[in-house]
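Look at the two complexes coming up: chain A is in both, with chain B in one and chain C in the other.
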Partner chain A sequence: MAKTTATPNRLLGWLPEESRLTLLYFCLIIVIIVGGWEGLKWLGQETNYSLNLGPVQIGLSKTRDLTMPHIRDIIGALGEPAQRNGPPLIQQLTEAALFTFREAFLGFTIGTTLGLLLAIIFAHSRLLQRGLLPYVVASQTIPILALAPMVIIWSDKLGARAMGVPIIAAYLAFFPVVIYALRGLSDVPDTALELMQSYAASRWTILWKLRMQNAVPYIFTALKITAPASVVGAVIGELPSGIQDGLGGQIINFSQYYVSGPPRLWATNLITALLGIGFFVAVAVAERFVVRWKYADTIFNRIFVDPVINLFVGIPPLFTSRSTDKKKK
Partner chain B sequence: MKTIRRFVMLALVALLILGVLPGAVAQDDEPVEVRLQLKWVTQAQFAGYYAALQQGYYEEEGLDVTIIPGGPDISPQQVVAAGGAEFGIDWMGSHLAAREQILQGDGNGPVNIAQIFQRSGMREIAFADSGIETIEDLEGKNVGVWFLGNELPLFAALVANDLDPEDPNDVNIIAQAFDMVAFIEGELDAAAAMTYNELAQVLEFVGEDDEFPIYTIEDLNIIDLNEVGTAMLEDMIYANEEWLAEEGNEDIAVRFLRASFRGWIYCRDNPDDCVNYVLEEGSALGAGHQTWMMNEINKLVWPSPNGIGIHDPELVERTAEIALTYGVIEEEMDEGAWRGDLAQQALDSLVELYPDLDVTGEDWEPAEVEITPGGE
Partner chain C sequence: MTTVISIENLDKIFESRDGNTVHALKDINLEVEQGEFVSLIGPSGCGKSTLLRLIADLIEPTSGHLMINGLSPRQARLHRQYGFIFQNATLYEWRTVIKNVQLPLEVMNYSRRERDERARQMLELVELSDFANHYPWQLSGGMQQRVSIARALAFEPNLLLMDEPFGALDEMTRERLNNELLAIWRTISSMTVVFVTHNISEAVYLSSRVVVMSPRPGQIVDIVDIDLPRPRTPETMDSDHYFHLISQVRHLLREAH
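Let's look at the complex of A and B:
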């Protein structure tokens, strides 16, 4: 993201002109996806599900409602109850999403803390870094699907049933943090390091005042990878643990009964994706505030930019608009 | 001297009474915590246990039961073997396989202590216009099965009809997903379906532009593997050998079985209540589908000729034989794989307590359940 460098232009990238373009592209891509989906369905229907191109026959039976429900049906399914006299699906899925988010957030927190600790250790000990980093990398080559049932059983055995899912989420989350934070902690300018050392700064002082400050943008990059990954981890963890309150449980259910209502599974996938995106956006917004010291150090920014950011707290920068950047230029 | 001796005796008796009584009282007051690991997520397949919970039958037996739903990627046997639950629900075939593995690994094996489903709900279904009516007709067709041991009843039936399931020239066996999309789209000529689940899903299918019904039961040819004679036993309750050997645990098992049996009897007589219990647990389940499932599950449990939960040794043997023939187990089933005494004890005491209770369901008649669009 743009905040790693301190140039004012980039910093104001989310303001009008550029962000208007971003928004335009964003909408354009949605239109292309929806149009392509519905267009393919229309083509299937028109050609009786078999496109005849002279020598080549292309089967289009997969465009039927069973495998590709209409977008309007997917959105519509959210408004209808999945169970007779039950709440609308959207309410049910929102509750499930909150449940899964709690697990994911706990996993995210555990994973981030662990990742950061490892990175700090590795940054200070070449020996440990060389010895342990390969195992950290290897840990990510084990398919999480194979590992999840074992984690669930172990945590069950240790009497920490509720921790199984967060542990799986944390397992997916800690890796990017280790790699990025290590880079950020190590990549300090030699001159700065030498200056600190010439003042006889302790390791802790160097860590806190130099390395950590330098690593923050890197860490946020990692967190933006970690946030959606922890949602995926939580959903995967719910499958073998039989937890039915979260999105994983809903996905099992609606895929088992897929034939009975294909749009419901698609709607559930949509909500799961939105949860991941939402978590990402939340981290991105948090980054704007935490990393502000990188660029907010002008009187102008303090007066004009910070209040604007503060005003739009919680709203993705993508959707904010204000004409301050013109003045700035 | 004599008075002293009497005094000592009295004191001892008093001590004994004082010592034993609180223990006995405490046992009555504090329910024993036990956990039941299901084979799959909450659905009417497990209604009897939810009914026993909701009706307070477990509580009456001094048990505090937690029902743990299962899910994909995990077997209930793993959970019970690891001590994550005291009781589990599984099919007999995978039970035998798990037992063999666990015993080889020096663990203590799971034991089938009550056979709840007396017959198999597995069918092979085809559309009526396919001309497939018997196992023989599967020759040269695309036949769907669920693997991981669930394919065996059909394989055994094929072999009995001189068709080699390993030979695509005889019959083209295809691994089937847990939904019926491939069957409805015609990629499979025949598909495995449980009466209580996938069969209903085909009937509940809603076509383009909300057309319903697309398929009725008359549109399907249904091959019943019970009739073919190669069905394997399904849902049963098992516990761990070592756990059962601990003092007092056999008694807990009998109490657990007694309450579970009552739950199943309740669901036979009050299927609608049981459907509601299940729907409360699983907020995304369709009421119509679960009503159908409850009725079909009752057909698998009832009638229980020798009483609910009692094993039919012949069917147990057949299941083990098929499992052995197809390599699910490598050695013959050992004697410890199942025991009928705990279920018998539970049943006998149940009859004693409630002489009017019908524990065989000989006269039970299944209901006619209406198919709803999408199982809603």
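Let's look at the complex of A and C:
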């Protein structure tokens, strides 16, 4: 690669070109969203919330501050205390986010473990797979909102009150793991399996040295779905349980006082989204370390560069990163 | 001389669930002695792979007798008496080259020291020491196949079953690997090789005997003794006798059609 000392990209020069582009697109989209939002509000204000285009009349009342607060007000709300003499909203929400993350992470862990166990069982017994998989699928058709209150009451009755919310998060988390892990455990090339048979390998050895290894990339795909989903699960679980310490409690709270301060609910949603995104990125970084063989790149790339692409593009740039690695050598 | 493989009246009929049956092999009789290099040659679909997989106990015969080192194929497999080499190298992509070579040693519970030592030796043998820590996708097809040979040799089986190992390679690479294979076979005395190919000159160049098979149902048409002097070198390919043997095999194949 040519030296790029004199280019305007000096600030981001350490990033591979591909990541720089991703970053550029990402910023561009933020600008478009913010610009569109504020532009719409401006249009509403200028036209007195009703746009007359000859015969067509477009109502713009939704752009009032009550339904669409200014972005700067949403960000600004984070710096102000939500209650008199209280801490700034950002601090309050960070504490709530940490609380919710603990629940979500516990649920994520339980769900992943359960999902893996089920997948391993299903991979080894066609009969159990046929018998049980329909119920696994059915479990996901029940709206979590309908289930949450029951789970909370049951766990309360069983004296495990703190487990209620994680269980709800796990309920959302285990399903993708079952489906993807099962795929990964069974999608083993015939010859790879015959190789093991030619070594007279035990079922156990085949599971650990072949099937599980083969399933790892599939499992990470599932975990990337599961990580944000478990945050959603935890937030939803908090609603009927009356837990006040998490983001769910904050959402309830600020929606009750919405009229007096819409930006606070918006700010809470923003923090919730950031929590889900942060969890996703953590999984993406972990993937780069565990599925090392696919990339054969530096530790720096694994932590900083490719998770950026992972996050914004959504899928691991398997082939592109390979070819750039080769070029570097 | 000891017999390594003995096959009597072997038949294999595949029955699929939709009722189709394929008579893949019919009345196969073959004896392979220790230290022999035997090639199976025949048109596509004549059952070469099937025969090899029967020997390896990856599938079961419909009828007939099959013995490996005096054991049933199942017992021979459980005693890890053969190494199998597939047409595609079948390396595990999440393992580095050296870890791939160590795979059978791990499965067979060799000590860590022995695993390291043997894998290094084997990589030296196939001249891939410099690539020990590369991943399979970083190697060419020929290099991958050499890794799979190193892997098969790592636990020192006395029988090597090779199913068109060089079928997907270009002529030059194939020739090089043929010579490497012969060199390895020479160093490990008493090693028996059964080699599937549909390349006539390759079969003649490598083998002590060439087993010529007919199309479905696969039968042995004839067995050609290859009495070319050893060690075989690229000069062997210039000899008249070599050409004579090649055309002999070719005629047999044509008659069988």
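The rule is simple: the second predicted complex is superposed on the first by the 280 of 329 C-alpha atoms of A that agree within 3 Å, B and C clash if a C-alpha of one lies under 4 Å from a C-alpha of the other, contacts with A are read in each partner's own complex, and residues count from 1 in each chain.
The rule is short, and it goes like this: contacts are C-beta pairs under 8 Å (C-beta built on N, C-alpha and C of every residue); 3 or more make two chains touch, one makes a residue touch a chain.
Please read these numbers as outputs of a predicted model, since none were measured by experiment.
Partners chain B and chain C, once the complexes are superposed on chain A, both fit on it without clashing. When both complexes are overlaid on chain A, the residue A:Q92 reaches chain B alone and has no touch with chain C. Applying the stated contact rule after C-alpha superposition, one finds that A:L66 touches chain B and leaves chain C untouched.
Of the two partner chains, neither chain B nor chain C is touched by A:Q57.
Of the two partner chains placed by the overlay, only chain C lies in contact with A:A200; chain B stays clear of it.
Number of chain A residues touched is higher for B, counting chain B against chain C. Residue contacts after overlaying the shared chain place A:S139 against neither chain B nor chain C.
When the two structures are aligned on the shared chain, A:K209 is found in touch with chain C, with no touch to chain B. After superposing the two complexes on chain A, the closest approach between C-alpha atoms of chain B and chain C comes to 48 Å.
Shared contact residues of chain A with chain B and chain C: none. The residues of chain C lying in touch with chain A in their complex are 53, 56, 58, 77-80, 82-84, 86, 88, 90, 92-96, 103-104, 106-108, 134-135, 137-138. Interface of chain A with chain C (complex): residues 189, 191-192, 194-201, 205, 209-210, 213-214, 216, 291, 293, 296, 322.
By the touch rule above, chain B contacts chain A in their complex via residues 38, 41-42, 68-74, 78-79, 82-84, 178-181, 184-185, 201-202, 204-208, 279, 281-289, 374-376. Chain A makes touch with chain B in their complex at residues 61, 64-67, 82-87, 92, 145, 148-149, 152-154, 156-157, 238-242, 244, 249-250, 252-261.
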